[in-house]
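I have a structure here, written as structure tokens, and I will follow up with some questions on it.
We just call them A, B, C and D in the order they show up, numbering each chain from 1.
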Amino acid sequence: METDPVVQLVDVVAVLDRFPALAGATLTVQRGEIVLLRGPNGAGKTTLLRLCAGLLPPTRGSAIVLGLDLSVHRQAVRSRVGLLGHSNGLYTDLTVSENVSFWGATVGASSDEIAAALDRMGLAARLSGVPVRKLSAGQRRRTALACLIARRAELWLLDEPHAGLDVAGRDELDTVLRAARAAGATMIVASHELDRAGALATRMVDVAGGQVRSAT
Amino acid sequence: MTASTTQETVRRPTGTPLTRALGIATLIGLAWFVAFGLFLSPDDVVQKKGVRILYLHVPSAWLAYLAFIVTAISSAAYLSKRTRSLTWDRLAGASAEVGVLFMGITLLTGSLWGRISWGVYWVWDSRVTTTAFLFVTYLGYLAVRGLGGTHHQRARRSAVVALLSVLEIPLVHFSVEWWRPLHQQESIANGKLSGLMLFSLFVGVIVFTLMYVWLVLHRQRLLAMQDALDDHGLEFAIAERREEAVF
Amino acid sequence: MNSLEVTRLVAVKDLRIELRSRVLINQVLPFAAIVMVLFAFALDNDGILDRVAPGLIWLATLFSMLVVVQRSFAVEAGDGALDALRTAGVPAQGIYFGKAIALGLQLMVLEILLFGAAFVLYNSRIAAAAGIGLLITSALAASCGLGLVGTLYGGLTTGTKGRESLLPLLLLPVVAPVLIGATRATEAALGVGGISMREGWAWVALLVTYALLFGIGGSVAFGPLVDDGA
Amino acid sequence: MEIRFVVISYIATFGGIGVLVAVMLRRARALAQRLPPEDRPWT
């Protein structure tokens, strides 16, 4: 089984403005796994995801994502992972399809690929010409996911994907994530929604005090 | 390390025998310099007592420029991979702080001297204007140093800003020079100063340079202590953070 | 993904956002216009306005530019798009030049309005036919320089708490050469201030040098300044 | 007037430097209380 690790963190310390948000985190994620991070607020889940996305360097320890060392090749890692954080990273004045096209174009995606990404998130028809500003929270989240698909992200890092969505929006999101899982996506999901995200995950880990333990 | 020496180093935390010798030499030099500048040297024929301000003005200006050159060089040294060390960053910061202080003194003494010799505090002469821009630019640099982040984030960001300022200085200088080509006559170059006056100026430059070295050494060590304290805080914070984990 | 492609992409994206949100047209241009009117009140003196018009035009450009730069990066920081751009692994040079081009174009629109305002309010006139070429070239060169410098320092002051107030402190001293150069060149074109046409072109050369130097410096410095994680 | 300006210059210059030195040394002493000696490799 230990053939294709996508994420390998060993004793990683990561510092945010003097605060050690990660204090010796160790985690391995294999390709095709969907790992659920659970833990209280401030446990270090967001920092763990941002570290894996190449947004901040490991202060200590070894962090390897997609076979690349994060203390050296963060730029290369960034173009291959997709982070969906608390904010969606969308340009609210642009339309759905303009957003997806923009992010797709950063990796040179063809118009077919972009159409396919919109289609997979159910955004192809009515919504594609609507400015993001006018969308509901759930539709924005779907647009952001479509951007990840268009960007051909190999590893999805989802930070509280259900937060701020109503029940219909959550159901929508679950459908979409299940489809992605079926398509073989690798994901790390931080969530408080254990019943929803738990059903989706192939494995759960606990995060606390900037460290990671396998859930029992 | 015995208790008494620890006491000693706490009392003089950033001092060493070398800096102490330097400090004493500076103090003696300063006393001498003030005696010459204020009392022993004669009044100038044209500038009268105003010339005594020059003894402060010229050395401070020289030091401010020296300080900014040191900042630029240490910033470049930090950015170069071979010599990457936070010591360079701290040297750059310490030198810039001292430079800003001396540049402030330069502007102040310059305008007082100008009031005496030209009757106005400020002229839009190219040298004065460039100096004022430089002063504001390095205030900006110090503000960038205070933006926070880890030590290396601070170091990289401020080193880049310091080098951009180096890019900016000649552009500002040339444009201002071109804009106001009128020069006030240089007081030193036109040979009106007597031997004793020149000597006072010379003493001033030497003493101020010694003072600069002393100030930068101490300030740099103070910054190192600050950083070390942050690092200790980090060790402590990591341990504390690990305690938080209840699985 | 090469930098050139990213440059085009980012520039088009920024301009499209501007066209949709109309912040420049609805907020910045009226602001610049009111500054011009206020200058007229403050300097209400026969013949003075006519003579200082070039300086006022460029001063108003600089102040409005601060707003445009902040807006240019607020668009990125608002919904975490700057993080998204970072995670996209897009070359920093591409982002830099793309945003600089968009900023420069917006500044040119602003300058056209300000020249129009000076024409109407201050009764400014172009001295000779040759003045038109000088005016256009100097405005182009100045916009390039301002766009490049504005993007550079705008990037540095984006993001975390309370950095926005640093922008004027860092930016205004740096753009002083543009203010001087563009004002002299405009004076030459408008035939005020006793500057010859030839001298005006020399100032344009300064503006071009400025844009080139900061273009090179900025393309190296922008990445490390914007990307904090190191 | 000249004398006054000369005196102001000297007081401002050495006063300014003096204040910086005083602040620096006081701060250094405060920090030294909280740091082990090995963090001061120059001593």
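Going forward, contacts are C-beta pairs under 8 Å (C-beta built on N, C-alpha and C of every residue); 3 or more make two chains touch, one makes a residue touch a chain.
Note that the structure is predicted; figures quoted are calculated from it, not measured.
Common neighbours of chain B and chain D under the contact rule above are absent.
Once CA atoms are averaged chain by chain and compared with the all-protein CA average, the nearest chain turns out to be C. Here the chain pair with the top count of touching C-beta pairs is B-D. A centroid comparison over C-alpha atoms places D as the chain most distant from chain A. If you average the Cα atoms of chain A and of chain B, the two centres end up 48 Å apart.
Here the spacing of chain C and chain D, counted between their Cα centres, is 42 Å. If each chain is reduced to the centroid of its CA atoms, chain A and chain C end up 37 Å from each other. Taking each chain's centre as the average of its CA atoms, chain B and chain C sit 33 Å apart.
Residues of chain C in contact with at least two other chains: 229-230.
Of all residues in chain B, those that touch two or more other chains are 148-149. A list of each chain pair in contact follows: A-B, A-C, B-C, B-D.
The touching residues of chain A, counted against chain B in their complex, run 13, 15, 17-21, 23-24, 59, 206, 208-211, 213.
Listing the residues of chain B that touch chain A in their complex gives 148-150, 230, 233-234, 237-238, 241-247. Interface residues of chain D, counted against chain B in their complex, comprise 1-3, 5-6, 8-10, 12-14, 16-17, 20-21, 24-25, 27-29, 31-35, 37, 39-40, 42-43. Across the interface of their complex, chain B is touched by residues 152, 156, 160, 163, 166, 169-170, 172-174, 176-177, 180-181, 184, 203, 206, 209-210, 213-214, 217, 221, 224-225, 228-230 of chain C. Here chain A touches chain C in the complex through residues 53-57, 74-83, 85-94, 98, 102-103, 105-108, 131, 147, 151, going by the rule given at the top.
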